[in-house]
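Next come two complexes, and both contain chain A; in the first it sits with chain B, in the second with chain C.
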Partner chain A sequence: MLTPFLVLLALTGPALWLLRVHRWQHAGWLAAVTPAVVTGWLLAQLGPAAQGSFVTEQRVWSEAFGLALDLRLDGLGLFFGLIVAGMGTAIAVYAGYYFEKSARLGYFYALLFLFMTSMLGLVSADNLLALFVFWEGTSITSYLLISFKLTDKNALEGARRALVVTGMGALAMLGSFVLLGQMAGTYSISGLLALPAATLTQHALFTPMLVLVLLGAFTKSAQFPFHFWLPGAMAAPTPASAYLHSATMVKAGVYLLARLHPAFAESPLWFWALLVVGGLTMLVGAVIALRHYDLKAILAYATVSQLGVLVMLLAFNTKVAVTAAVVGILAHALYKGPLFMVAGIVDHATGTRDIRKLAGLARSLPLVGAAAILAGISMAGIIPTFGFVAKELLLENFFALIEAGHSQLGWAGLVAVVITGALFVAYSLILLWEAFLRRNSPLKQATVHHAPSTAFVLPVLALTVVGALIPFFFSSIEGALFGSAGSAILGAALEPHLALWHGWTPIFLTSLLAIGLGAVIFTQRERIRKLFTKAPEFKGQAVFDGAVDALYSLARWSTRTVQGSSFPTQIGVPLMAAAGFVGYALSRDFIADLRVDWDAIPTFYEVVLPLLAVVAALAIARAQSRLSAIISLGLVGSVVMLIYVFFSAPDLALTQFLVEVLTLVLLVLVFYRIPYHAYPKQPKHRSFKYLLISCAVGVWGFGMALLAAGKPLAQTISSYFSLNATAAHGGNIVNVILVDFRGFDTLGEISVMVVAALGGYALLRSSRMRPLAPKKKRKERRNA
Partner chain B sequence: MIALVFAGLVAVLMACATYLLLQRHPVRMVIGLGLFTHAVNLLIFGTGVSERGLPPIIVDKASFAGDISQYVDPLPQALILTAIVISFGIVAFLIALLHRRNSLEAVESCTDRVDDPFAMEPAHALEGVEEDYEWLEDVVLMNEINNSKGSR
Partner chain C sequence: MPELYLVLIDRILTPVLLMLAVIFLLAGHNAPGGGFIAGLVVATAFLMQIMARGDGFVRRLIGPYLQPLMGAGLLIAVLSALVGIGNYALFFEGVWWKLSLGDFVLELGTPTLFDIGVFLVVSAFVTSYLLELSRPAKEGGRK
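Up next, the complex of A and B:
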């Protein structure tokens, strides 16, 4: 059933586009039908999945290469699939109102649904290569969605950055998949995970493979130092930001790590890489979020921070950590998505997302305010929300670490988490207070000029309410939802026991401490912001742009050098390459073949004539007038013709003679009509360079000629032609070769002549142009 | 010995041809190309010059009994025959192109930066049936945009 659903999803978007849905008042609800159906179907799979019966499908594509579309929805896939489809339903409705009859709604839906297909395929793929294809599908749709606003330069650059960063990561990941396939002997993910972990971790290639996997996951999930692309991606339309860049796509990296967790978690490299990178990202994201005023930028950095938390949790191979990760993923999707959507509605209603211009929105937009507050306290992790549970688990992980005897690591982690938690609280409060609750804004307050309809807010509210209700129904869903997903990550059975209230435990007290600290930061926010304006900022973006620019300059430099704008450089490089490389190869491998046959004595004329040609050629090179050059060329041609005569090639001599005369006539005719125009003299050094190139080419020609005259390097087929010429009813062997044995070559030659003749005729005949038009007129027209 | 003479001739022709091709002057370029063809043809011809013989023409077809040692190698000749004709086509086309260029610009001009003999700015020189050359405008505009990007 899964493949049909994927196809259906992929087709829905383009179908909506073709139907021109933007003309309909409530298009969003129609668009939401397909993802809603998929969500329902996925929900129905939860029960069987908890029992251990998974949906699996296989569509073989190329057996020889091990390419098959293997789909397998285990607990983890189902968990992510539910987020994708469920959030997708809400986003589909939301986007219908967000774009509000804009003609590009259909295009947006097409991209959105293609993305949804890729993402759903990604989380259900059971083949590494299929996973990679879907992975790239999400990258490309993400690129197109970020650059949705084609006139916005920031959007285009942000899109390019996102694509290049995630694309490079994906390439690294593809390399790791190939290595992994070689190491495991299979591309099937379930087959890979079924192997004993030591087969992989003890393999010689394990470390490079793991590094490549991590590169892929870290770039996709915006981990430090690749995090800069995610805030840049916020130029996307808000529905896309809410969906791709907070809830789903950026979690693909986390998904990959979770997916491979059972196989790799024993490796110390895995542990330290995830712990350090995740922890750094967590702190960096949380701190930078404070310095921004744009609603979406704050949320983007908060997302970076949360992704860091998830990556850090996956470093551990314990039940607590895995539970915390799973709960964190869902909780984050259910509060960050709505918050983004709220930001979109605020932008829509007031025309700005700058928090300094906003105030009191809770009064003017009560429904939006309610949704924002509900989601905001979840982000802050204040009891009794889903976010609170997630944070408790996160803290519990480090307490467990301390209890297990790793006290240094545990304490360090605990401190980092408390700081991050406090920052989460702080910017949640800032967001809620400044945008929704306070009465006056520091800058000129933006007014609500375009109040959203209730239906616009409905999907946001629905998501927040689901998020708010989940903690109260833990006992009935924890096994099916978190348990089976966690088991897939852990590679062992996991039975989480979640609860909102554990009593006055140290964990709860620490949580309170974080909230208290956050409140302090909140009250001191102006001072902190002032500090930030002075502090230097790490500009990953600038580094990246610098690298890209450097690459462009390198390309420009090499193109200029190798290809150049001028004809001499264009021709000089290949000639030098021929002279250099071929000359080197000749002198190394064929030096023995460069023998001179001293016995074949030339006659007197055969020495004098070439000498004449040499003199004539030198005369051309030094010729001052065109006419003398043309005459000298004729002289060379005549000598060549005579050489053909002396060496028994009458056909060649005849042809050469005709061609020589024709060329001469043409040259004289044309150059007679072209007024002579003296060219500025070449600078000395350039003349010298050209002279050197010429000499090198000459030496190369000398070697080639000697080689050609020597012993044949391969068997010749000349005798075949000679012996069979009479069978082809011809006496002139050369002619028989041309018109019979190699007739098609001659046909090709004739075609070349026809093309040249037609081209020349067209050039000479089309006289519909007059030279030297006034420049002014053209300029006027261009401006108009 | 003959091979040496041939090789020397080929070497000088090639060197001179290359030198001419590297000049900016379009006329010299065309002549250089013609010279280069001669060099390459002689290079191919050189494969069969060591052994002398009759022209590869079987005069008496009826009594031909497979005695081919008296003839020179016909294969290089066949190759060169094709080469001569094709290179003539190219040279002729180049000459037509030169003529055309001249009729457009009246004078061969050349700036220091663009020293491609066929480089010209056609859009500045064109008028006439304008819609025929709309596309050229786009090309020129694109070039300008690229140039401004490059200089940035």
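Up next, the complex of A and C:
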């Protein structure tokens, strides 16, 4: 039942685009229908899932590779799926107003819904390879959404950075999945988790595999030192930032860690890697957030910090840590998403996101202010909000650690968490106070010139209200929502008992301490900001850009040295390389295996046609102009075509003929672009070199043909093709091979064609291909 | 009045080539032909048009559709491969339907659909290159 919903989601975006929804004022509500339906369906699955009956679907994609489109919505998948679909509903409404009749709304929806499909597929995939496919789907849609403003250089660079970092992580992850599949003997995730943990952890390849998994998860979830791509991704339109880069996509890494938690959590490497990287990210993100004045930048670094918290919590294999992680994921989605959306509305209404230019927005935009304050106090973790519960659980985790006897680790963690918590409080207060409450701004105050409609604020309010209400209904939802998700992470039954008020416990006092510290930082914010601005920063972005630049120079250097500058050398090098290597391989058993029937008398055609080809080839070499060379080349092709005809291969002959005609014309058109002059006289040594290359290639081709005819290197498959062609409903074997037996190859080929067409289009349109007109003008001017 | 051979190309050769392409496309599974060849034939037909009527005319006629057609072709090809999965079989598993039109039985299958996708991609691909390369005479190429 899940697949139809995925297909429906994927089709909704393009359908909205085709409907040209940007013409309608309230298009967002129409767009929200599909995600709302999906949310409803997912909600209905909560009950059965808590009972242990999951929606599962199995589809074989390619048996030989173990590739299957298996879907399985267990507690964890359902939990994430609800966030994806629920937030998606709000974002769909919000985007309709955010883009406000911009003609690109349809394009945005197309990307947004494709992302939603990928993300929902990701969290419900039960096959490692299928998960990877969906994972890449989210990366690509994220790339397109970040580079949404095609004219903005920052956006394009941010998008490229995000794509390369997450893409490289994904490649590492694919490697780990293959290793994992080899180790476990299955690519099915549920099958994998059902294995005894020792089968994996005791395996010789466990450590490299785990490192690769972690690379994938850490890059996707913007963990230190890969965190720099996330703030760069803020160039995306705000609805995309709120949805992808705070609530859903960046949590894909966390999801992967949670998903594989039962299998790996016993390993010490897992524990230390997650603890250290997550903890560092938590601190680094929180500190950097204080240095920024852009609303979205502050929120982006706060997101980095929160992702660090979640990764750190998944290091532990305890009930309280898992509960804290699950609650933290939902709480974060329900306050950070709305805060991003608020930032978008503020930007929309005032034209700036610089906090130094903002003040008193709570009076001019009361509804927005209400939503911001509700979400902000949740981010700060002030009682009685959802964020408060999440922070209590986080603290409880470290108290439990101390009680369990790991006092050093526990205290260190506790201190780090209190510092982070204080910073969370500080920048929440800064955000609320400076943008919404204070009367005057330090820089020239931006005015509200474009007040948002109530409907624009409605999805934001809805999300914050849901977030604010959840803590009061813990007893009715904790089992179905948090319990079943947590059980899937833990690999054992989890029955959380959440409450807002636990009494005056040490945890609550620590929480108060963090709030107090945060308030102190808030009052001293100018001094601390200055201090932090001076502090050294890890320039992950500079390192990355340097690496990319180095790669470019390497490519330039290798192109220059290996391929040379002139076209003949560029072709000559690979041809000679091919001839050399294959010639060596052939020389070892070439002569002995030749099967030549020396007594056979060649037929008339077999004599005449090759002679014709030889004459035409000589004519090419002797040609004095390009046109005659091209025509002679066409003649050689036609001879080959005739050979196909006489050896009864009509399909090949037809193709050869058409390709010959078209290449001939294309060549004429290409040379038409090049300024006409007679062939330059070649120096002797160069002619000799070209002759040598030609002969080598000729001998190599001849040898290959002889060998292929004489000694089949492997069992021939053509008999299988001719035997089964009728079963495949076809009489023309060539065509049946192309579209049926080898259909996947053909699909690859036509994909390459489309890519080549787009690349060629860009090249032919580029300015370097049209240099002559301006130059001529210059010459004319000079002459005049 | 243009030269006679151009009129012949325009009025006779182009329609013949287009019809030939349809035959190649539909008969391709059992007789010589197929999507690839049909695509090349269509490109040749447009080449004739470029020669007879000039590249500007052809560009106005089909230029804007070429890239969408390429995408559509790829989409059709992928979808035809996915039909196999939907039928609880495998990716690229051929699925065939029989259409009885009186005595004449038409066999339609996903490979035919796939071939149509190949046809669209190939014809649009080659035509777009022909059109792009025939442009420069006006935009700074050799006069």
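The working rule: the second predicted complex is superposed on the first by the 566 of 784 C-alpha atoms of A that agree within 3 Å, B and C clash if a C-alpha of one lies under 4 Å from a C-alpha of the other, contacts with A are read in each partner's own complex, and residues count from 1 in each chain.
To be clear about the criterion, a residue touches a chain if its C-beta (ideal position, glycine included) is under 8 Å from a C-beta of that chain, and two chains touch if they have at least 3 such contacts.
Small disclaimer: the values here were computed from a predicted structure and weren't measured.
Judged by the touch definition given at the top, the superposed model places A:708 against chain B, while chain C stays out of reach. When the two complexes are overlaid on their common chain A, residue A:69 makes contact with chain C while staying clear of chain B. After overlaying the two complexes on the shared chain, residue contacts for A:602 are found with chain B alone; chain C is out of touch.
In the superposition on chain A, A:661 makes contact with chain C only, while chain B stays out of contact range.
In the superposed model, A:610 lies in contact with chain B only, and not with chain C. Of the two partner chains, chain B is the only one touched by A:630; chain C is not. Legend: residue contacts after superposition of the two complexes on their common chain; A:743 is shown touching chain C, with no touch to chain B.
By the touch criterion defined above, A:691 lies against chain B but remains apart from chain C after alignment on the C-alpha atoms of chain A.
When both complexes are overlaid on chain A, the residue A:559 reaches neither chain B nor chain C.
Partner contacting the larger number of chain A residues, of chain B and chain C: B. Note: residues 650-651, 655, 659, 662, 666, 670, 673-675, 729, 731-732, 734, 738, 746, 753, 756-757, 760, 764, 769-774 of chain A belong to the chain B contact set and to the chain C contact set alike, using the contact criterion stated above. On chain B, the positions that touch chain A within their shared complex are 1-25, 27-31, 34-35, 38-39, 41-59, 61, 64, 66, 68, 71-75, 77-78, 80-82, 84-86, 88-93, 95-100, 102-110, 112-119, 123-129, 132-133, 137, 141, 150.
Looking at the complex, you find that chain A touches chain C at residues 59-63, 69, 650-651, 654-655, 658-659, 661-662, 665-666, 669-670, 672-676, 728-732, 734-736, 738-740, 743-744, 746-747, 750-751, 753-754, 756-758, 760-761, 764-765, 769-774, 776. On the chain A side of its complex with chain B, the touching residues are 556, 565-568, 571-572, 575, 596-602, 606-607, 610, 613-614, 617-618, 620-621, 626, 629-630, 633, 636-637, 640, 643-644, 647-652, 655-656, 659, 662-663, 666-667, 670-671, 673-675, 677, 679-680, 682, 690-691, 693-695, 697-706, 708-710, 712, 716-719, 721-723, 725-726, 729, 731-734, 737-738, 742, 745-746, 749, 752-753, 756-757, 759-760, 763-764, 767-775, 777-778, 782.
In the complex of the two chains, the chain C residues touching chain A come out as 24, 28-37, 40-41, 43-44, 47, 67, 70-71, 73-74, 77-78, 81, 85, 88-92, 94, 96, 107, 109, 111-112, 114-115, 117-118, 121-122, 124-126, 128-130, 132-137, 139-142.
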